[in-house]
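One chain, subunit A, links the two complexes that follow: it is found with subunit B in the first and with subunit C in the second.
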Partner chain A sequence: MKNTLRQVFHSSKFVAGFIIFVAILLTMFIYPLINPGNPLQQIGVGTFAKPGTYVSLYDATKAPVSTFRLPDAAEKRLGSSLSEEDKVAMVEWFEAVGADISDLDTNDTEKMLEMWDEYYDPSAKPKGMIRAKILYYGRLDKSLKEMGNGDGDSISIAEPNEEGVLEETKKILDTDYVNTKEVANVKTLPLGTDNFGRDVLKELVSATGTSIRIGLIAGIVATLIGLTLGLLAGYVGGFLDDIIMFVTNIFTVIPGFVLLILISYSIGQEQRGAAVVAIVIGFTSWTWTARSVRSQVISLRNRDHVNLSKLSGHSLVRIVLTDILPYIASYVVMAFILQVSSGILSEAQLSLLGLGPKTTEVPTLGLMMNWAMLYSAHTNGSWWAYFPVILTITLISFSLNLMNTGLDQVFNPTLRD
Partner chain B sequence: MKGYRKYFGKKLLWFVITFIVAVILNFILPRLMPADPVASITGKLAGGNSDASAVAEIYKRYQKEFGTDLPMIQQFFRFCKNAIHGNFGLSFSQYPRSVSNIIASSIGWTIALQLPAILVGWLLGNILGALAAYIRKGYDKVLLPIALFLGNVPAFGMAVIMLVIFGVYLKIAPISGGYAFDMIPHLSWNFIKSVISHYQLPFWSIVIISIGGQAVGMRSMSIYELNADYVKYSRFLGIKDRKIVGYVFRNAMLPQVTGLAMSIGTMIGGALVAEIIFSYPGLGSTMYSAVTSADYPLISATTLIITIMVLVMTFLLDIIYGFIDPRVKAAQFE
Partner chain C sequence: MSDQVREQKDFTNAPLCLSGKGVTKIFGFGNKKTVAVDHVDFEFHEGEFVSIVGESGSGKTTLSKMLLGLSNATEGEIFFQGKPRDISSGRKKREYWKGIQAIFQDPFSSFNTFQKIDTVLLDCIHMRGGKNLSKEEKFNMMTEACHFVNLEFKELTNKYPFELSGGQMQRLMIARIFLLKPKILLADEPTSMVDACSRATILDMLLNLRDEIGMTVIFITHDIGLAYYISDTVYIMEHGKFVEYGKADEVILNPKAAYTKRLISDVPKIHEEWDLSTVDLMA
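And then the complex of A and B:
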């Protein structure tokens, strides 16, 4: 046993897969300790808040103020308020007056403004430009100049006094800064929020946990059924073998995916918890294990040590447990690993079809994907709602498959590199 | 030819048996469940109607239409008789279209998309896998992890990523549908062009997925064969490397054909979900809309059609396998 383990951990593929998988498991356990709370809580109003750190504007006005005169502050401010449309319009103007725009980078605000100063002429009337457009450039120029002159801008905060008349209580200068540590409410959302306004990272960690659990349950159910049937068919043989192989052959050809859909649909939305879905997945994916276990057992059945046990009058259970199982254990473990990974994938596919677990109880990777697609996160640019989910599913199944390939190489010497 | 006929007969018998079991399962599974589909449909249709006798009347009407008042065995024969005539009843969600009409209009899209995509992916994957096994160093080190990783991206995930990169950002290809939404299917150059441009993204996303999985399998099969005794013996005999590679490739190919037969169901399942992402007008999208609108007859018919498609594919692969496997061939001369 110890020797086998040492051999297994010498396989670089197995170790790589193992490390990725353990890292995912550790995140699953540790992250909720750092950031506790209900992962399904809707913290945001509105859909798909971008990833980043959110500072309470209200609290920021109350926080103690420091004054900084940063050299590039005005320019940055200008840059962030300069919309994409304005930039496109500016480039159009440069083109119209015949400026060289071959190496112009629209993200380089400083350069853009320099060029604007150089080329904009209120009296110029570029050929073919309509009057409304020329007036638009006039307004754009005015707003650019206003923003550009920097110093001395301020925003007033007014609150109603006793008579209900607004009265200025505070003036915020453009050189005022607050330390984020002194703002009472700062929320960092590394992956933004989803369509329900939930924290995506927190939901993702919890969903990964649920999905791995679904995979494990599905894998255990499938392996138990497959192992039992395979052992019975292989060891007992005869008529029992014929019946079991008949059933197994039929279920290998009928796509498990279709059975999964039929059963899930028949169970109905109300009864479909995560555990039920997991068990159904397990029930539709045992055939492969049954087949390979059976063929292994048949080759073991007439070995000398098995015959010796039989002659010693050991019971069937004991022979199977001590003389046969240890020899096929590696195959069973490998099949189990693959089943966990395909179980996770099956759940995701079912959820995308609208047949996943009930949505209100637990998040799963498939449900997150399903909601992101329903709210067209992929077409409105909210990558944080779906890409981490795809990446997580891929990483889990990648790590499990790597472990499987590693084990295969250890137990199957002809495949070794 | 006698041996092959025996092989063919055996496979055909299996095909018929599995087919019957599949039809029975398709019929019986939804009916085994405690939920009464007729009741849920009646509930939906009756909506706010509080008149109990009217609801009961609707229930009875539907019970009669679906024949759920008959005993199970009679229902089954009715179901079979109707299915043979291609009659799957009327769709709830797209009333008054018949289910067979909806399926007839979507099955062509699915076959035209998936069959070429899976075959191209399988072929490319096998060639790359054999190459990786033969060249080993370098290619093997770079290609294998990439192929393993790609093979593990779920089909729908690849679909979404391709859609976002090529459809939304680069705007190379349209992102949804089987043809431009303002067109009516007809035979014209414009329509064909639109179909082809809509075909690109779903096609390549399925191909890339299949390449990954197949390449890894073919690589390990080829390595296994390259280490076999007959290869070493051939080398000692001085047979040219090119010829040995030919032998190895042919031998490694056989399990890959079986592998394809085994995994075709899973592959089609994954590709069906990818169809949903692209709103491709095939069976996957039909099934999705049937599930979301609780269109019971449509779900039952789509699952049946998909099962039949998978069964026929597996059967055909088995038949082809019989032609190329030397062991089956040898049995023919016995």
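And then the complex of A and C:
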């Protein structure tokens, strides 16, 4: 046993998969300690806030101010206000008036504005340009001029006095800075919020946990059913084997996923908790384990050590548990790992179709994809709502399959590199 | 080995231990039918050392499986101690196996590699009803059994069978039989996978064990020379049938069947040129 474990941990593939999986598990346990609370809590009003750190504007105005005269502040301010569309329009104008744009960098805001001052002429009418477009450039020029007048700008903060008349209480200059540590409310959302205004990272960590639990339950159910039926069919043989293989073949020819959809649909949304979905997945995916365990047992049942055990008067249960099971244990472990992986994927597929666990209790990776799809995250560019989920599913599946390949190489020496 | 071995006793009047009438085993059906054992009759007496000799595929192992009750005969009946053998239920099978035990060909696959040697020997004591014996008594029994086969039990405790050599494993098998003391021992080519030195030791031990317990030994082999050397009675098997049987001296010194003659001429001799004329090399 010790020797086998040592061999297993010498397999680089197994170790790589194991490290990734353990890292995912550790994140699952540690992150909720750092960021506790309900992962389904809707912290944001509105949908899909971008990933980043959010500072309370109200608290920021009350925080102590330091003054910095940073040389590139105005440029950055301009840069963040200048949209990509504006930049494209500016380049189009330069082209239309015949300016040299061969070495123009659209990210260099200062250069762009310099060129704009040089080449923009409100009275110019470039050839082929419609009037509406010329008017648009007029408006763009106006807004650029307003942005450009940054120096010495300020924002006044007014609060109503006793008589209800607004009174200026504070003036915020464009050189005023506050330390984020001095601001009472700062919220970092590394993966932004989803369509319901929930913290995506918190939801993702919780969903990963639920999905792995679903995978484990599905894997245990499928492996237990497959192992029991495979052992019985393979060892007892005869009529029992015929019956078990008949049932197994029926389950094999009916596409498992269709069966899964039908069972999930017939259970109904209200009864479909995460555990129920996991058990349903397990009940529809045991056939390959049963078939392969059966074939392994058939090759084992006539071995001399099994015959010797029979001659020693051991019962059927004892022979199966001590003379057959240990010989196929490695195989069963590998089959179990694959079942866990496919259980997680099945849940994701099922949830994507809207037949996953009910949506009010726990998030799962599949449900997060379903929500992202329903609220068009993929078409409106809110990548953070679905891409991290895809990446997590891929990582879990990849790590489990890597462990499986590693184990396969340890237990089946012909596959070693 | 001692010269006593060649002194063959007459077992014709000894009580029957295991006999069979028209025992047949057929695998498959229709075009794919294979008759592995074809209506064989046999009578093995108490204390007799019987060899069943035949080449590979002649049906020796299939017959041994049926004798052991590990597979059922398609036709015919087997009698155990004069009565029809009944192995219809698990309990009856277990009762039968108290009377018949086996040593298999390949010592390396005969033991469960996940079980320690202590477990193997303890199982034998338990099967003989020694479950309630004290630890010390069990230890003494196991030590005695190992001593019989020139092994030290103290050195074997907590070891796994695969840590032993092939010869040692076969000797451990004999120690198992020593503890079980069955009426019949079926040895299916127990020396074919061990070296010549270990072979002599193992055969010697089998003969000693037969004398000690007084059991019947059914020795299955392809080596007719070996069979002549140790058996009282020899059965020659070809294509699932016994072509000749009788006392070892009669069968081997005066063979009647052509197949027996061929088997004898196939034995290589150190001081003579090997006569290959009867061997069908194309086969």
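We adopt the following convention: the second predicted complex is superposed on the first by the 389 of 417 C-alpha atoms of A that agree within 3 Å, B and C clash if a C-alpha of one lies under 4 Å from a C-alpha of the other, contacts with A are read in each partner's own complex, and residues count from 1 in each chain.
Definition applied: a contact is a pair of C-beta atoms (placed from the backbone, for glycine too) under 8 Å apart; a residue touches a chain by one contact, two chains touch by 3 or more.
Just so it is clear, the model here is predicted, and its values are computed rather than measured.
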| item | value |
| --- | --- |
| Three-chain arrangement built on subunit A, subunit B and subunit C clash or fit | fit |
| Partner chain(s) touched by A:378 [first = subunit B, second = subunit C, both, neither] | first |
| Between subunit B and subunit C, more extensive residue contact with subunit A | B |
| First (subunit B), second (subunit C), both or neither touched by A:229 | neither |
| Partner chain in contact with A:274 - subunit B first, subunit C second, else both or neither | neither |
| Contacts of A:310 with subunit B and subunit C, given as first, second, both or neither | second |
| Subunit B versus subunit C as contact partner of A:323, first or second or both or neither | second |
| Touched partner set for A:353, first subunit B, second subunit C, both or neither | first |
| Subunit B, subunit C and vertex subunit A (Cα centres) - angle in steps of 10° | 60 |
| Three-chain overlay, closest Cα atoms of subunit B and subunit C, distance in Å | 9 |
| Subunit A positions touched by subunit B in one structure and by subunit C in the second | none |
| Contact footprint of subunit A on subunit C as seen in their complex | 68, 70, 90, 93-94, 97-98, 100-102, 104-106, 109-115, 123-124, 127 |
| Touch list for subunit A against partner subunit B, complex | 249-250, 252-259, 261-263, 265-268, 341-342, 345, 348-349, 352-355, 369, 373, 378-379, 381, 383, 386-387, 390, 393-394, 397-398, 401-402, 405, 408, 414-415, 417 |
| List of subunit A residues in touch with subunit C within their complex | 303-305, 307-316, 322-323, 326-327 |
| Residues on subunit B engaged by subunit A in the complex (per definition of touch) | 14, 17-18, 21-22, 25-26, 29-30, 32-33, 35, 148-149, 151-154, 156-157, 160-161, 163-164, 168, 175, 216, 220, 223-224, 227, 262, 265-266, 268-270, 272-273, 276-277, 287-288, 291-292, 299-300, 303, 306-307, 310-311, 314 |
